[in-house]
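First the structure, in the form of structure tokens, and then the observations on it.
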């Protein structure tokens, strides 16, 4: 059944609201009369009972990590431990105004300072800003630091190198940072083609953005050589932390030679994705870039007995209205403390173990794009299946929904045809991996016997396949745009 | 798909637990060696990820008030406002040991004392115990007070009168109180047959238990006459508060002449039912019975500036290990404060309005058992439908599940054949009532055109009709009893 | 109009019109006018949700006895264990919280399967084949167990150890007036364990022998002696067991108990000032049709899928009425589900480890107290033990509150003793500070 | 092994064997050995969940600035409103919290429909036909609006009122270095409203005129003047609007704004020390293909059922890459859903009433402060206004903290002013006490 919209449930003068009884006298409106609206905003008018039923039913029409596996490549949809929800609900953290004088927010300042320390130790960097509220924001922040660095040295390079396998955020951020995105192709091994890189890089190169492991789930073995090329022209190396879940405690971007790193806390450090956000994308830098960080930074001036805000000397300026998604940051720190030094490494090791095991397990079902050992995710292709049965990667993804799993990422990275990009994460058990593999096998087997049936999937979901073209042709983005 | 049991998900040495690091030395076990078990208890071994997925999936296989209407007669399944969940989570209320000296629990004592005042004002009684953790427990508590009263007067009557329409808890409680349950029949108007009552009552009558309105949703008009009969033989009148939702602020058991009253806070005062509990069933009494109440009672000895526990002089003794379901009590008080004096009355008025409107709306669809205006619930019969189509009350109930509503109560009260007992509560809107009525109409129409289809319902539920006989024949009550 | 009910003024008018009425008062025409109130209830007017919340926050602040400000060594039937976040989260899902008793199993498989799993865990814990889906609390479970024993043996005499929690004994006495119980007591030895020879020696036959394991004062009882007494009385042996202790100790079922009951609060349920808690109840399989409370059983649906349903309902009050095995209707389902989740979170090894931590903590405190002259009555204890105080225990407890400690529980009528409990939530630092403060107060 | 991952030792062995490996280290054989750490991270070892929780509770206690202990008159972009329990409950359902971006709409109708409803509410609030599904915060929304205006007008000059929140202006300047913005400022009048004639008068053409409504200092701006300036510059008019104010004031869309952005924190989201908050973004329909962020649109499924899907995805970075309208991927979906629920809870009348309460509270405080000589710069304000202090505002604020009050916000670089906000959460008693304390401090 369709769920009515909240507006369709609305009845004039019905209500949910329960406002504090006013003790303040009604004040004169005459001074602002010319601004006063004539009609109230047409918000819905529903009872709390109907409100709760509506959004409870909507929730029941949504898949989530808490319901089952989410092997969505490049998204790191791991389980989010529940105690962090309690951290996020602590009154002394949530009911604090961001513009309170430091003396009254020592807890928050200490917390943020501690998280900065964890982020720096994990990435091998010197100092960090916690302001960027998401990965893409972190990228742009990092690139603006790159720009400020070059400007400080009187240089104006114009290009940033990006591998062809990169996430779309990378080139988009490069553009917004005022640079031109230059693509370096992958070699047949799925890694950056070092020779091609050498050809591309020159004095006009501001830097490089790399994800390592890359979006194919492969570790760039020649990372030091790659970064040497960049550094040789005074370029800076930006590490996109989207895939950090593969290597925490095992290898550090700083040790690889990166200068700027962002980390998606909502991926690696298990803060929940919230249906698309909020996230958090702290940016950490080497010592000689620390002066460019957005401010303010939480710092102790007396060895840790009290904390205050400090502005970096040559800051690029603030990138968030306040200090970033503070409560998300708290959750991430809680997760880091929970796992501890060894646990963080084990987390990554098991993420990589799961990916390799599942890759091997389905190697007969789909073509594995690259044969070398993968990191936390891997890419297979449904090209053969498509040729033989007409069932595409997208159809496999949809069919998997009927089996009770979320779909993998499809058609990304662009360098693999009919790509299925699978990231099981460390929180799924071997039994779950086996169940996913069996479900994929069954889909492929069904495709060979009755492709039409597979093309008609999913059938057991709240709705079936949608007419996306209709949605785009004449967009209906609000209740009022509907005819 | 079936959901595996938590035991089927278990893998040896897998774990969820995360225990505080021990700082205490390991102590010698030799003193208790003969008691020490050899094998650990076979609890499941699962990851927290699988634990959460399992119970999240189980939750998704359950209907609840938050999903939709629950017109389950005699159960008062109203919406439970969400702010009360926050009340129930207040640290200073939940993290308190019940055996703390009074000086350190002034908040709780004050809270309970205030709730007692509300309960007494609403029921028209003098004092109350909050200990009984449910309605049935309240009944038995009240009956033991009745017994103690008679004993204190040197009397040993043996019988308690109960109408034939009463809930099963009433006769069961009477038995456990050491009395014989004597049934007084209803007249053709569904009310206690006063003449028959007069015949039944004698010096051996300890009292009467009545629900008013009764389980047919009808108000016992002759209540004062009925209670006079009881009081004339020094019997006591017990008011079963199961149906209190009909009359809060409108009429009070105390004013009707009752001596002992219990109130199901989880019905009338909106504390959530929890899949079957916890509830709370405070018992309030007239002044001359107050000495018999279970103790201790929270009382102020200095006019309200501090509170302590006081033991009633001739208490029947405690009926709960501590003070009842304290947090449920807190929720109920919060609800009462939220509605306030006028709101509580409106609550009942609208519950009665909803019931009468829905009764009138479906009067052509089913036979209304009793024509006079109902209170908060009403009973219709599917006898005609059954005769004509073979579709019984049970089948109508099951078919309603497919329409997205919970079933009404069926086959109760026993005095109506093929009974459907419907209690919409005040929290359902007229639109929802109309939708229920339409769903019932459609079921009846379907029954007339294709009875088999109706008999095969529900089809859209997580499972379909169950083999209940199989369950009872050779009960499998645990994982280990399965073959 | 309060915001609680959805009706608009206009809708109320329309509905009344549909009914041929002109006012809400008319709905109550069937009530004799003398009984219809014209005055409002003498209660405060409505508050907004935020004002109510603030009011209850004040109640909370007026309890100084919260974990964050008072270090507790109180037990006596309610224990300050750490709670698992997962159980709290999962147990508070509205699909569980706002459901009714699973009378329509087609839409209640969540609650039913969770209860089936709960029953399995309780049965395994207690070492008996069957368990029910919960009762109100430990005291209620004991009362129901006695009723069941009375029903089975047709005897009204019950023999109760004085080591059973005094509140439970009081509740048994309360309800026993209705069921005409004849309650006899067994005295305790100097080491707080039951003297099974202390009752009347005529072995006249009894419904039940009742003993706690460990008992109220902390002593681990000799259940084989209890079993022997029960045999000689042709009585059932009812054991009131502490579930956490069974992580370390052998289960009462394997030691001969016929019925095992207990308080399940320790299994992941907040202290909550005494409720809602969780009555546990397990028994031998032969008593299944005498069991009180709800039972969930496994079956199949029309399509052959495994499913769960409340079963043997003919025992229950709504069907059997005055002949029911119990009057229980509402139970503590939500607590049962939460406890099951918490037990699954602990798991086999976590449960064992938890028990050991409790043992270690209690024995560590006992050894530290012995150093300052407060020697436990017994060495056979689990997480709780009793010491004699020099002077009034109530006074001492009051003075210790000023130091920020809840110094256990003073047993009713025994003002020279303290029953002290230590859970895994008490750190070594807290225990040491407690002993230091106590030493100062006793000096 | 930490409890986080499910793998048992045995399973790890087996999986490695399946892969022909003998250790977990071998998984990293593709990493040059010089890069593989042999030392553990220099971080503390693992803690139990309860220990982490206690650690964060201590962090919380070290913030004295919580509502229960500090009465706040701070605003400046983050407001201490009462939150609805329903929105908190519904927004914390795990189906919303632990879902990913709704890329598979068949299993994401919950999030998608909730966002569609959110878009509708924002569009109605701002008086424009379309809105997106959220951006990071108010500042980010402003930056994206400017980028959109630049993309549309092909101009890089933007004219910003000094009444726009200084943090937002700073963020705009930060990101403007990448997009080569030329930012000009408009001064404020003595009454804190924008002097629209204060910029360069050559009308050279601009991408946007930006004004806040009400502005940072509390003044309600004359949007028709802003519109006139925008017209003369052939620029888009971007208004940074306070959503709560629009319960009382006419919407910027109806007053001529082309793009309206704002911070949605006031709509039921906790103060949270500044985040996660909620960037609101609405625009004229003609800009739809230039919009940043996610858009949810209505469509039908195979069976003709109404359903929702993310649409116009070709604007986005994952498809259009360097030519995308924005680099945004993650947004603030959960906050958007929570805000939508809160707005629905408030409803048409509640939202209006709430705005009025805020107005009344702020004007009441202003009138009381006027009595003690602290006269607001303007009388055209909504829930926030600015007063000049005698001496350092920072010092005064510090002294007021000792009285238990957060005395507003000191504007950056203006240490003789306080920006004071009053929401419906401030009672008359609190306001009166604040004025009394302030009077004492100023005496």
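The letters A, B, C and D name the chains in turn, as written, and every chain counts its residues from 1.
As a convention for this text, a contact is a pair of C-beta atoms (placed from the backbone, for glycine too) under 8 Å apart; a residue touches a chain by one contact, two chains touch by 3 or more.
Note that the coordinates shown come from a computational prediction; the quantities given were computed from them, not determined experimentally.
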### Summary
Neighbour overlap between subunit B and subunit C returns A, D
### B-D compared against A-D, more contacting pairs
A-D
### Query
Using CA atom averages as chain centres, what separation in Å is found between subunit A and subunit C?
45
### Query
subunit A to subunit D: how many Å between their CA centres?
19
#### Entry: Between subunit D and subunit C, distance of the C-alpha-averaged centres to the nearest whole Å
47
### Message
By the touch rule stated above, which residues of subunit C touch at least two different other chains?
### Response
4-7, 11, 47-50, 53, 57, 68, 82, 84-86, 89-90, 93-94, 425
#### Entry: Residue numbers of subunit A (touch at least two other chains)
11, 13-20, 46-50, 52, 56, 60, 64, 66-67, 79, 81-83, 85-86, 338, 427-429
### Query
Along subunit C, where are the residues that touch subunit D in the complex?
49-50, 53, 57, 68, 82, 84-85, 89, 93-94, 425
### Message
For the complex, give me every residue of subunit B touching subunit A.
### Response
1, 11, 14, 18, 47-50, 52-53, 56-57, 60, 64, 66-68, 79, 81-83, 338, 404, 427-429, 431-432
### Residues of subunit D touching subunit B in the complex
3-11, 47-51, 85-86, 88-90, 94
## Note on the structure
The residues of subunit B that touch subunit D in their complex are 11-21, 46-50, 52, 56, 81-83, 85-86
